Structure formats: C-alpha cells, structure tokens
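Think of it as A, B and C in the order they're written, each chain with its own count starting at 1.
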Amino acid sequence: MNFLRIDDFKLKDINNIFKMADKLKDNDDLLLKGKTFVLFFPESSIRTRLSFEMGIKALGGESVLFPPSTLDKREALVDVVSYIKNWADGIIVRHSNYDKVSELASSSDLPIINAMTSKNHPCEILSDIYSISKLLDDYLDLIYTFVGSEGNIINSWVTAADLFGFMLNHVCYEKYRIKEDDETYKFLTSLNDALKISDVVLTDPLPKELRNSDYYDEYQITKERMNLCKENAFLNPCPPFFRGEEVSEDVINSEYFVGYEFKKNLIYVQQAIILHCLNIDF
Amino acid sequence: MNFLRIDDFKLKDINNIFKMADKLKDNDDLLLKGKTFVLFFPESSIRTRLSFEMGIKALGGESVLFPPSTLDKREALVDVVSYIKNWADGIIVRHSNYDKVSELASSSDLPIINAMTSKNHPCEILSDIYSISKLLDDYLDLIYTFVGSEGNIINSWVTAADLFGFMLNHVCYEKYRIKEDDETYKFLTSLNDALKISDVVLTDPLPKELRNSDYYDEYQITKERMNLCKENAFLNPCPPFFRGEEVSEDVINSEYFVGYEFKKNLIYVQQAIILHCLNIDF
Amino acid sequence: MNFLRIDDFKLKDINNIFKMADKLKDNDDLLLKGKTFVLFFPESSIRTRLSFEMGIKALGGESVLFPPSTLDKREALVDVVSYIKNWADGIIVRHSNYDKVSELASSSDLPIINAMTSKNHPCEILSDIYSISKLLDDYLDLIYTFVGSEGNIINSWVTAADLFGFMLNHVCYEKYRIKEDDETYKFLTSLNDALKISDVVLTDPLPKELRNSDYYDEYQITKERMNLCKENAFLNPCPPFFRGEEVSEDVINSEYFVGYEFKKNLIYVQQAIILHCLNIDF
C-alpha cells in the first residue's frame, strides 16, 4: 500500500507500526534483504534522507538516490514507475508537488511513501507522535499547540489530531487559520492563552513575511514563555529551526527542548512504515 | 576489454554474453566480489543507472557514482583514469561526447563500458536484441523497422544489423537517411510499405523539429498502423517515449507494446557485458 | 578526536597511524562494521572521495554523501551536527571554508575529518609523507621543495615540515612567500638553487595569474630540471596536475614521476586516520 497522508493509515495500522518501531530498536533480522528502494530526494536533505537510507540498509535492503527533478521531465509518470517496477520494491519520494506524488501512487501497485511535499509531511509527524508516546503514556490526552503559519507541518498535525482524536491548538495571526474550529482543532491568536493549557509545543520555520520583531515579540517561543505551560511540557521544533526566529536561543538550550533526541526514532518509524506498506510481518 | 560500440564484440562474444545473461537470471554467485566500478552518469538517468548499479551490487561489487561533468574538467583524461585505476576495476560512462569515452578507453587498460553517448547506445540495443531473442528464436530472420530521425538509437541499430546480419528498415523523411541502402539497411519514406513487412517496430523520442501534426499524421505509430504489420509483430519504443508524439496513447495500451517487460533484461545483459569485459568466466 | 590540521596529531599519533596504514594493506577485519559516516563532498571530487568511500566500505562501514553546500544553509551548524549525531559516527568534510569545518568540530564530540579546505589539505599531505616514508627510510632527512604559489597544499606542507622537522624549500616569485625563513621553511626565487639540494619536488596547480610562459620559463618542472636534483629525487605533483603548466609533458612521462602510484596509499592512510579519530585500536 501507499503512504501519502497520515490518514492513509487507520489507528489499527498505526498501532501496528508503533509496535514494530519498538521491536526494530533491537532487531538484527534483514527484513528487507533483496529489496531495493528508489529514493527521490534532494541530496541536501539530511535528516529524512539519512534516516531512510540507513534504515533500509540496516534491514538488508538497498536504496538508489535520484534527484526529485527526475520526476519533472516530460516522460509520463506512469511510464517512469512502470519501468522502475522492473527493479524496485518501493519508491520513497520528497517532491514539492503533492499531486505528482499522488499520481505516482495511482500509476502502479508499487508502494509509494511520501517523504515530504509542500502540502504535508506524514512520516515526520508520525515519528514525532511516536516519540511523544514513548515519553508519555497518555499522549492522546495531551494538549498540543502549534505556533506558526500555515504549511506542510501544521497540515500534517491537523490530519493527525483528527485521526488520533487529540486536541491541537494553532496559534498565529488570524489570517493563518487553517479551518474553522472543531473538535480537535482550535485557532488562537493569544499565545499565552494557548500555552497555559499546553503539554506539547510545536513550531515550524517561519516564512519570510513573519521573520520580524513584531512576530517575535508576540509569538517567539522563549524559555520564559515555556514556563507558562503545564508541568512536564516540552518543545519540539521542526528542524531546521532557527534560533532568534520561531524559537529563542535560550529555549533551545533549556530542558524544554527535546529536538535532537526525538528524531532518533525517525529511523525506526520509517522502517516500520516501509514494512507495513510492503505487507511484511514482523 | 572495452565496450564502446556493438561491433567491438564479435558474434561469438555476443553469443557468450547472451548465454551468461540466461544464467545470470538465476545466479547467486558473487562474481564481482571485491570489485569496484566508477560510474559517470547523470543522476537523473533512471533505467540504465539503476540497472547497472543494481546489477553490480547483486554480483557483490561496488559502484561509486560521479557526474559526467567530472570528465569535462581541465585535467587530462589519461590522468583521471590513471588515478582511478588505483581503486577501480572498470568504468561505466554515459557522456554526450563519444570521443571523450573513446579517449578514456585508449588511455589505459581499465575496461571502459559505454552507457550511452550522443552517437550510440550499445548496451541498450544489445539488451533489446537479447529480449527479442528470448521472445522469438528466429530473431535474426525478422524484419526490424525503426521509425524516426537520426540519433544514437538508430545508429546502434544500424551497427547491430550490420554485425548480426538482420534486415533493418529506417522510415522517416528522406533527409534523415543515414547511409545508402545496403544489404542490411533500407531507407523508406512510406511507413505503410515498411510496416507491411515488419516484425519489430522501433522508435526513439523525436527531436523538436518533428514534434508536429504533419509528422504524427505520417509517422506516428498507432494501434491501427501496427495492425498492418506481420503476425506477432510488436512495438519496442526506446524510453523515455512520449504518448501522442512518436507513439500514440492507444498503441502503448495495446498488446503490441512490449516496453516495460523488455527492459527487465537490461540488468542481466549489462552484468554479462561487465563480466565479459573483465574476462570473468561464468 | 577531530583531524582538521596535520598538527592536530602528535608525532606519536602519526607513527601509530602509519603503522596502522601498513597493517591495513593486508586486512580483512571489518573494523568499522555498524559505523556510518556522513561525507560532505563535491560529487566531482574523484580521488579523495573514492578513497574515503572505498576505505570505509572495505572496513565494513557505510557512508552517505551530501554536497558541501548542505552546510551553507541558514541552519546553525551546531544543530546540523547534533541531529546527524543521532545516526552517524563521524563526519568527513570537504568545504572551501576552513572556519566552517572548524565550527563543525567545536559543535559536538562527533569526530570531524577535514578532507580539504581552501586553507589546507591534511589527509592528502599525510598520505604523501607516508608514501615517501615507504620509498625511503630516511624520509625525515630529505630536502623537500615545493614549487608554486600560496595555497592549501603548500600550507599543509609547511605545517608538516614544522611538525616532523624536515626541511621544506618553497620556490616562486618573492610575493608568494608564506612566512619568514625559519628552521624548516626556506623561501627561494631560484629554482636551480633549490633543485640542486632537493630530494622531493612538489607542485600544485597554478592560479590563473601564473599560467603564462614567463612562469613556465622560470619555474615549470621539466625532466631536464629534475636532472639537477640529488640522486633518487622524484616528482610528486598534487593532482589534478596540468601538463605544460606547472609540470611539463616529458617529466610526467619520465621515471621522476611517482604520482599515480603514490596515491594508492590514500585509502590506507585515510582508513588509519578514521580509526585513530574514533579511538579504534588495531
């Protein structure tokens, strides 16, 4: 099967993936032996590319890297995929254009995994939720607060909140609201109001239009502001993050910051996603 | 030895390569263990690069990829090769300039394999002929018809026809004739006349000057036109092919199209070419 | 530990590295099994990249290649490294900006190995000294002469001369002098005076301003000029070298030239540097 959006999986699938991720931390089985994956990735993608390539290799599989622009040639995507199917067992693709990834997926029965588009970033957010679940058993009862404008990260958090049923606050200027408030999405313009009830604070790099002191004064996540949150709250900024912009230098150096450590799980969650999409039991 | 043009091999060599390709389909021997190949390839080459990299890996060898532009620096090619010889057992190169590939080959005794130039594409055509031989035992008695202008693909078919001794029709406007008619090359401007006697129809992407309705009306390969061919005829368009240009949408979706499946053999034929060039018995 | 400059090592360390390099020539132990290295390299770097990648692979390790420009994004280098540390055991980096490499090194305890900057090239020069030591036991008593302008190669030779205590002549127009003469560095404008006392002649590609017949008349290394040197003298030009520029065609074709062969040791010396930096005993 394909994995293009978080809600391509049912909760049952995700439970299975999380359980596999647990077991993969201590696994020597070459579950992907003899399997090859074509990766369409910008070479300069560090975290996602490294964790996919190493995850595949650790399970005995092979990956071959192509630039995403390979998909922008005149050749029909159905033909690109149909030839690749001769030699590959799956495609992992980062491409700005979600429609292109979606077209790849509908062109064949070769599993396609979305490793980020300008619309969403399902592997990353699923891995973050897994990391949170390892930190706190009651992760579905926590209040999540995303601070920042619209983009692929908040989009995937919104999809995740809807699927998992946890509460997601979105804090920014009113114009960045994504949809009307509903059971799992609440838009606020007051950061303080949101932080007071928050367990998990999330950010994403700012678009140019928000990189200014007005925004920073109102919405930059600082250590002082994190002090307003509920007990045991933590900050998980989406990398690359920028000190002095969406987050302050002091909050990154504080105990609130869980960033580096959290991404360790990328490798296991992505391995589990691959195994699930290939129907490999483990 | 090097493989720069199809007729670098004698028919005896090619028989050996085809026999090795047969055996390689069901082989677990790590015939290239401990061997390393330098690949000069545009990263965005999908089929040839993937099949070379995977073919080498499957035989236990390693490949390291460099962009073809590495060969366009000021350094003399003899020096590039002489240093590479310290660490590699062969070079597989895709570069527009055939003379550069030829200069590489004459610079050392390191085997050089031509993976496409603007002049020819010997590995691809040899693999196609192998695929045809698997489909039909009497492949040397078939009539081959290439429809399109001049370029590296027709050039290699012309060399192959001459070496193997099969009949190759070339159909296009008169100005695209490659040489005078001879025993194995016949130029025709009438597609219908050619198709009536054809078993195998071949195409190549069109240059810009031929992407127009005049050309399509006269020479586009459609399902209806394939119906004119001899029994059991098939269409093997050189990828990337473009629906609505050298081939119609309906012919690609028809039984005449053997394209995707045919390329599966690229991996085995290329493995066999490598083994032959390295004098590895199998 | 990091390896950014030749004098990051003590002579004792280098003795250890040279001994390891000896043993690595005939080694089957997978000393880097389970270890992954992130390589920041221009894809078109042939010699250093190939020898690092193959050296790591031969010891059972894995490497993942990124373009050096990955380090030029807005993300703080401390964050780039801190995430990479989740998955990698070391970073090998070629980047024009030495300060950036140095900042990487001071950002974490992940070993950083400098694979060339515009300021220096420690791995290459250490490997050259190793090659010389294999050729001549008294390599520390030889007279080394570098002919050419300022740059990363002469810089590393100057550091090496100072650390090892051997005598290094530097020959060029006066303006290219690097520092005042001292115990191990002597600047000369007369090539003949220098060659008469030289055992080892070193060059580097010329900057554009020196690619002219005036320079060639005065400083190009020719076979005739090598005849002036002491007995058993040899020429080790830093690749890429250019026939007809810093070196003549005839000297490259002469017995004086040790270039291709010398670089074979790159793989062993670099493997030893990695093992030393990772505190792996061997």
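As a working rule, a contact is a pair of C-beta atoms (placed from the backbone, for glycine too) under 8 Å apart; a residue touches a chain by one contact, two chains touch by 3 or more.
Just so we're clear, the structure is a prediction, and the values are computed from it rather than from any experiment.
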item	value
Angle of the C-alpha superposing rotation, subunit A to subunit B, to the nearest 5 degrees	120
Numbering shared by both copies at the subunit C-subunit A contact, with half separating same from different	different
Subunit A-subunit C separation of Cα centroids, rounded to whole Å	41
Junction residues of subunit C - those touching two or more other chains	none
Touching residues on subunit A, where the partner in the complex is subunit C	43-44, 46-47, 49-51, 53-54, 57, 239-243, 259-261, 263-264, 266-267
Subunit C residues within the subunit A interface of the complex	36, 38, 62, 64-67, 69-70, 73-76, 79-80, 82-88
